[in-house]
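The next part holds the structures, each set out as structure tokens.
Next, two complexes with subunit A in common: one pairs it with subunit B, the other with subunit C.
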Partner chain A sequence: MKRSRWRVATEADVHLIVAESYKALEALGARPVQAAKFTTAVSELARNILKYADRGYIEFVELVEDNRVGMRAEVTDKGPGIADIELALADSYSSSGTLGLGLPGVRRLAHRFEIESEVGKGTRVLIEMWVR
Partner chain B sequence: MSFTAMDLHSPDTASLLKVYGIGDAEIETLHAWKAHLEGGGFERVVADFYTWLQRQPEYEEFIDNPETERRLRRLQTTHLVSLVSGEFDDRYFSNRTRVGEVHARIGLPLHSYHGAMNHLCLCMLRQLPPDVDPLGATVTLLRVLHLDTALVALAYSRYANDRVAAQSKALLEMSTPVTEIWRGVLLLPIVGIIDSGRAQDIMTGALTKISSSRARVFIMDISGVAVVDTAVANYLIKVTRATRLMGCECIVSGVSPAIAETIVELGIDVGTIVTTGTLMQALVLAFDRVGLSVEQSGRAG
Partner chain C sequence: MIADATSRYPMQVSRGCVQVSFPSEVTDAMLREFRSELLRYVRDQSADSVVVDLSGLRVLDREEFRSLRATLDMTRLLGVHVVVTGLRPGVVAVITELDLHLPYPAGLDLDHGFDIVRTLRREEITS
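The block that comes next holds the complex of A and B.
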């Protein structure tokens, strides 16, 4: 199983991760729409780290099962956490005046979406996308 | 943002000394080296080192005349004296950082620098003071030389990071050329990644050009953009709003099927923004807006 872990602390980190994520999906044989969806989700989560938690990590794991392959991204930070996850997942809610479509959008883009957060401890989001 | 990549790599003096295990006992041992090497010992170590260095392939490339060598030998001697003086203060740290920058700038590979320090260690061990515990003194020397080399390596990586950052900044700045492709029609092809800084450049570039050219249509072609997340979409929406305020219609072209589907799933309301799949469709629209039509002339094709 292939894994890679990336630090997210600057815009440049996000650029690198976005490019690598797209390449990794293509290497798995993903169609452009799958690569675009997964990478866009990764970009949303990485940017949320910069915006709300200052820094964190993204870990990619290639998923291989008998009859399908896919990619998982686990995005963690030790930032302020989210007090009301339901609210954060609602369309158009933003504590910073932006579109507020990141988390709900990521939830729609991914095949599997999990979020855990504790105020004062941090946030963990897991997404998966199956490509074939 | 307060936390940058470099903060992780710029530890303070006290914590470095702690990590490398350099305390009072080690400094005392260093002073024994110092007492032993004074009165010609330092010069012997440096001479020994240069006998080896002159046989290295890097020597001829980087040390091209006798004056350079004399200067470097003097610097090396001073460095050794400062090492065994055990005064690891800010001056020492900034000095090592500068040495690292100098070596990185001339393109000396890090392994060549480290290899030379490795040999310098051997030259020092050949001048071990007589009345110290040899193992203890060796360990102390290793600790100090490792710390010393780490500072240089940090400067190398900082230099590399800075250079990459500067290059990509230069590239991004070059890549927002708004061109008047026909009277009243502007085109901006966007390639790569859009971040807040670049979005600002795009906005400023577009509005300035619209005002100077009195353009009626502004085409932003995003076929070279791989990812349109909510932040990028938000920038694009803002640019179209601002151009419209200036009496110029904005067309976003090059929206691939993958990007269209992603934008819909994100739930972004593109409202009244005019979008097209290809640049050609956008051109047809634009010519129409400025009252032109394109026809086959009959001479070609």
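The block that comes next holds the complex of A and C.
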């Protein structure tokens, strides 16, 4: 199982991570639509780190299960955390347009989405995409 | 056809229509630079329309979308027709899933984009 861990502290980090994760998904056999969706979700989460937590990490893990393969991204930061996750995940709160954390959009772009957050401690988001 | 040799972004004008390729895999600063160069070029050429080729874009997050949308809105405010072409299925899927709105006519490719420009010009004359 292949893993890679990236630090997110600058806009250049975000662009590099997006380009590398797109390439990795293509190598797994992802269709362009799948690669675009997953890497956009990664980009949104990485930008949230820069905006709200200053710095954090993204770990990619290639997934292999029975007859399918996929990719997991685990995004962690030690930022301020999210006080009301339910509200942040509510469509009416932050999905439309370009405001908010964009978490409802990220959830729609991935096959699996998990979030844990504690105020004052940080946030962990996990997303997965199965490609075949 | 007049190309802009001073810009790092490929832009050219033909019969009043500017054709430009939106840069792919660029920084936010480059997107802002692209905007100012496009606005300047459209004004300098007294263009009446712009066809923005987006076929190089593989990924577009909300931040980049915001920048693209602002660029197109500003271009439209100069009084020119704006048409986008070449959006890839992945980018279209993301725009839809993220509930973003791109209120400009879209063509599959450049030829389609120029056809749309001709239609918009005709509509302007008859309206």
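Assume the second predicted complex is superposed on the first by the 125 of 132 C-alpha atoms of A that agree within 3 Å, B and C clash if a C-alpha of one lies under 4 Å from a C-alpha of the other, contacts with A are read in each partner's own complex, and residues count from 1 in each chain.
Just so it is clear, a residue touches a chain if its C-beta (ideal position, glycine included) is under 8 Å from a C-beta of that chain, and two chains touch if they have at least 3 such contacts.
Source: prediction; values computed, not measured.
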Which superposed partner A:Y22 touches (first subunit B, second subunit C, both, neither): both
Which of subunit B and subunit C A:L109 touches, first, second, both or neither: both
Touched partner set for A:P32, first subunit B, second subunit C, both or neither: both
Which superposed partner A:R55 touches (first subunit B, second subunit C, both, neither): first
Touched partner set for A:A12, first subunit B, second subunit C, both or neither: both
First (subunit B), second (subunit C), both or neither touched by A:T40: both
Which of subunit B and subunit C A:L101 touches, first, second, both or neither: first
Greater residue coverage of subunit A in the superposed arrangement, subunit B or subunit C: B
Contacts on subunit A seen with subunit B and repeated with subunit C across the two complexes: 11-12, 15, 18-19, 22, 32-33, 35-37, 39-40, 43-44, 47, 98, 102, 105, 108-109
Residues of subunit A touching subunit C in the complex: 11-12, 15, 18-19, 22, 32-37, 39-40, 43-44, 47, 95-98, 102, 105, 108-109
List of subunit C residues in touch with subunit A within their complex: 25, 27-28, 58-63, 65-66, 88-91, 93-94, 97-101
Interface residues, subunit A side, partner subunit B - complex: 9-15, 18-19, 22, 31-33, 35-37, 39-40, 43-44, 47, 50, 54-55, 91, 98-99, 101-102, 104-105, 108-109
Contacting residues of subunit B [partner subunit A, same complex]: 1-5, 8, 165, 168, 193, 195-197, 226-231, 233-234, 256-259, 261-262, 265-268
